[in-house]
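Presented below is the structure to which this report refers.
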């Protein structure tokens, strides 16, 4: 009962923090339109013909840009709370709808990358830790150092050349709806997810190695040995669970880089995700879309971080009741 | 039953194998309690790890045999050894909280330990675990089983460790400093449990400790180790009545013991030790100065901390210091004793104004400094100095000793020839003058504490607050530092507020005593009076819990009651 | 551990050498360049390695070796400059966040949390995407982007150091906050900051190259490695080595920094030192 | 046996996954970006035009050979005085099943003419003073003066006809699905990914279209686009980078459809002191070696221009003026000296980093102009900022990469005409020459071919003499097509950007 209340309080507290963060982010996002140079109205009007001042004023009022900033802010925020992110200046389409379409695809890419990274990184890290100081360790550790040093776009280019252009095993780009053709959906996921996950795999492997080494030096491991527990059980049941706490943290910390990586990976593999949307919107100055997608990415990021912290709390009972 | 023959253990290093334990032999028969005594670095823990086969990877047995029930353990492979561990030989470690896996509940860990060696169901194992805890008089075993290690106290964790160790009725229990991390009253309880288990289960116990008092309490026989060698082996009575080896004698002498106040503690001489001649046992104590009027008076001092376990959790009030009043006469020492969490450190921080008090007065030389602004407080600070517990933590690792000692002079100014003053101070605390150019990590714990003392004395303060200043030190080093403190008190006309959990030490150094519990002073008075005839129940319990050489526990309790 | 370090030592030495060379070339690079790196030779575009042009030429017929050599400078300047900016501001904010008045530190650390909620490249992309890019603005933007990382580390290290008794000792002596910050705190939080700095240099190089790759980095005709890679990707079918050289230089440099970072981490880790 | 069948099925299944097309006749068209709107009257770039020409048709359109093709109009007649055009509509249906009527035509074209509106060709279509619905299938456009170019403007993808009811719906909600009378019916638009259109069974051309489905897939990154056609992820791509042409042609399964359409050149801000002198602008025309631009920014693929950017066969083209300039650094220096800039000057060149050929052209020009003492600094924002800056004349001179919208020579008006608005995207800022304006006005209203020829010849001389715009080269505008796809035509010269029209002819094997 007490434990349950503790967990609940922990979750509520984290949730409150996340929501506060989101609110501030939303405010920052709103101000993007005012901070950034380049007049959206001119962009909207001026491709071939050159707009008259009256036309510009008319467009301004149509977009609500002639209102006082505070009024605009309040109405924008009210809309956001109701999940209404407004309409694209250029296309007129609902930003919320488009973000809702693109978000799952970025999320899928990111999650696939994390899964791949964990599947590679954790075993490699454990293997290096258990073979500490041997040639195996040196080889694996060197590989992970190389892994975190190779830029995403170089890796992506290499993978496309090898697996798409030379071997022809996997498609180089694009997205397929899972409902339309599930196997093709996953075939198209492989390369971008691997490209995105590779650096993370290296980070996870490094973190797993060092935290395994640290845990294996802890007193309770010796106590477990003194109980007569087998090494295998010590490692898989006790050491790994303890070591996973900093590893989960590193995954959380690396999410920023991972989400950042999607900007490059989505462009390279023509993956129709949020980053693609954002990059396009930035270059076309479609402010509502920029605001909407930045907000969505930040929200995604904040809530994944929240999830990480909650997992962290589950893994480590000490966190739940830490005194502040 | 256990016979260790000529055991030698060495550490692998770049320069080859460094022998650390050399040619240690001893026997242990069934049901016997053998105390293995030594200071840090004596090789006692390594010896025990060698027995159970859990040496760190860079250490290895270089010679000898460990025969357990007729089998040489060193000849067994890992799998065979594993079958013995936990079932026939189990081990209890110094730090019970760190020795439990933090992410599993205690219940899971006990059950796991039971199931490791016996093929029984989880329900059965659970009942067995609860039974074990009940036998140790653990209150509310079901709740303890549900708890994670960090939610329990050190004493409770140690009981869980013991429950696991005795779960499969081992023939031998190796207990490595099982009570060192615990408060004295808890230590009492744990020792009781060990003793009773020894009787009930019939297991032999190899008790490794630096604390002669603990050994005296429960050991049948004692072996003494120093520098990796076994120096002496004898029955308990023999070793305490007629110690043969000089080291043993010195060790016994150097230990402040309740009821045996001496002006100075003899120190242990070691070959090539850098400790200075001043601290030699033979040096004559300077005459103590006459007590004067109170230099420090604390009146009704209170401090409440607000603790919030979560954003929405209820804020809890924690009364760390509750209406405390005390007074220290000039040139005397007030000993403040209490168990961990009693508020004694909070009190010292309040007096130093490192924490802001809620209410009350702190009269220093008659001036209330409790509410002074930091600016107004500044000139007062040069007259109050502090020596902290942890000799490794209280010196900034990035500053040389010279810089560290001159820090107060830099802050307050007023000393013309700082290098000279530093040299004088180094002399005073018995450190070589070239120590000034070195950095703290180049010194041992005792030496660092001397540096900290030198720093405290830099501006000729009138009051020095020593917060557990000798608690982290070995017995012999502790003796040196205590002597030094006494000498300096006489030489520089110092007044001490001496805070410690160790009653023997406090008794040794103090003129007056204040006993603290749960934020309050429960009893205060002259040291002799309090130790001879404690008025309060708590003081009595505290005193009864301290192991005392030469007095059997039962006698002690009777006498106090 | 000693054994491990011994084994690492050649790699560390090689990395240090490489980095020294990189910095040296950043300073004197133009003097080493065999050709004018801006000189267009339209009849010699996209050539493979030859005795005249050791690494071949780019799409303007410019000598690749010369461009690689001068391309170090903006790369190094952006990375180092950004790291210095991030380290200075971040450390300041972090120490204030740990040591300063409650309300100020709360404000700072919440802001840091929020900035950390944005992926670095996203922030940089927004900033550089809307404004003009160039060495100075990249430096500033990347510096700002990594400031919260330093602030976080400086804050947690400061909190840790403040628990230490030597800080209490300083306070009990009546040391001023400035003295405590500069004598007691700063020297003792330097190690984690150094490690973070190496990581940030590596990350800044990758970020700069990523932005240049997206066409938002260094302005042509100035070369930077990331920009060369971004361009070279388009010429893969014509001149694959165009991609290989700058990619190799970039990856090797980042690798060397990471190796040094690992080494520093091991060296400065107090647990390993004792 | 069962195992064998299973293996066979598996193999078949795998084989089908590895090709992009699931349905028998689906074409995946990789286009270089995502349309920003579905409002047909907006000219937002080639990608939208490609999609538009799959879904919509106008009264007339440019056919694959460049001629004016009668689409929704079965025929049209220009009144003898040139002051009206009457269209007779054919029996065509919109995708919602309603017939194409004169009211729909009026509604569509009125919307473009709306002075309050933002239609890209509002100015051009404002020459229509009234639209009369004669009967259900006949519509008459009334002009203020004769206008030879009008039929061309009506052939643009921006002048397509939508149902009047749809226009109303669209004004209320810009997200309604587009409805046209073209060969393919809009199915859906997945933002960031693709627009799907399916065959319109009731298309008015018998037997067309041939495909069941067209997927317009957005590939903003040109390397990804080229990779996609290599691996067969898509069947057609637009904007093939010049550097990839050779390699793509070498592939057995891919062919390229090439044409020289757009031109590259410079626009000048004539309020920037040095560029107010025609001599300086001419000097810049002389100074730049066209081969440098072609070889570096366009990988050797392109045709130099030494005169005006009028394609051969277009009105205004003449042999004499094609080689008005040469690459002559000495002459350039002389001209600079004449204008008083013997020691050169400093100037800011606006281009965009978003399109590598724009950026590379700027780099090449920078290097060439350095040789006559002009120090050029580059301003390379992304395309949106570049457009912003262009629209407020925030540049000294600017890289131009463009083409004529129509095949009638009146396209030149947009580039050279002065008038009331002197800062436009396609002219040299603040350039105004009365003679040129006169010539362009006269030529527009003239219906006499010979008279027009003479007027445009005189215009050409004047335009070269003043050189408000300097042209350097025709650039290649190519599509790449998988060999199993037939019938796609890259339409010639200026019409290349309207090649999406030919999707109605495409078949797939």
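Details
In this document, chain identifiers A, B, C and D correspond to the written order of the chains, with residue numbering beginning at 1 in each.
Here is the rule we go by: a contact is a pair of C-beta atoms (placed from the backbone, for glycine too) under 8 Å apart; a residue touches a chain by one contact, two chains touch by 3 or more.
Chain identities (UniProt): C = ABC transporter permease; D = Peptide ABC transporter substrate-binding protein.
Every value quoted in this text rests on a predicted model; they were computed, and no experiment measured them.
Two chain pairs, A-D and C-D, are weighed by contacting C-beta pairs, with A-D ahead. Remark: chain A and chain D have CA centroids separated by 39 Å (rounded to whole angstrom). In whole angstrom, the spacing between the mean C-alpha positions of chain B and chain D is 86. With centres taken as mean Cα positions, chain D sits 44 Å from chain C.
With centres defined as mean CA coordinates, chain B is found 49 Å away from chain A.
Residue positions of chain D touching 2 or more other chains: 223, 354, 382.
Of all residues in chain A, those touching 2 or more other chains are 17, 37-38, 267, 279, 282-283, listed in ascending order. Counting partners per residue, chain C has 129, 233, 236 as the residues that reach two or more other chains.
Two chains count as a pair here when they touch; such pairs are A-B, A-C, A-D, B-C, C-D. Across the interface of their complex, chain C is touched by residues 14, 349, 352, 354, 374, 377-378, 381-382, 384-386, 388-390, 393-399, 407-408, 411-412, 441, 452, 455 of chain B.
Taken together, the chain D residues at the contact with chain C in this complex read 222-223, 241, 243-244, 246-247, 289, 291-292, 294-296, 299-300, 353-354, 356, 359-360, 363-364, 366-367, 378-382. Of all residues in chain C, only 38-40, 42-43, 45-46, 59-61, 129, 132, 215-216, 219-221, 231, 233-238 touch chain D in the complex they form. The touching residues of chain C, when paired with chain A in their complex, are 3-4, 7, 11, 110, 113-114, 116-122, 125-126, 129-131, 202-203, 206, 209-210, 213-214, 226, 229-230, 233, 236, 243, 247, 250-251, 254-255, 258-259, 262. Residues of chain D touching chain A in their complex: 13, 17, 20, 22, 33-39, 42-44, 116, 118-123, 173-175, 190-194, 217-221, 223-225, 227-228, 230-231, 233-234, 354, 382-385, 387-388, 391-392, 414, 421, 423-426.
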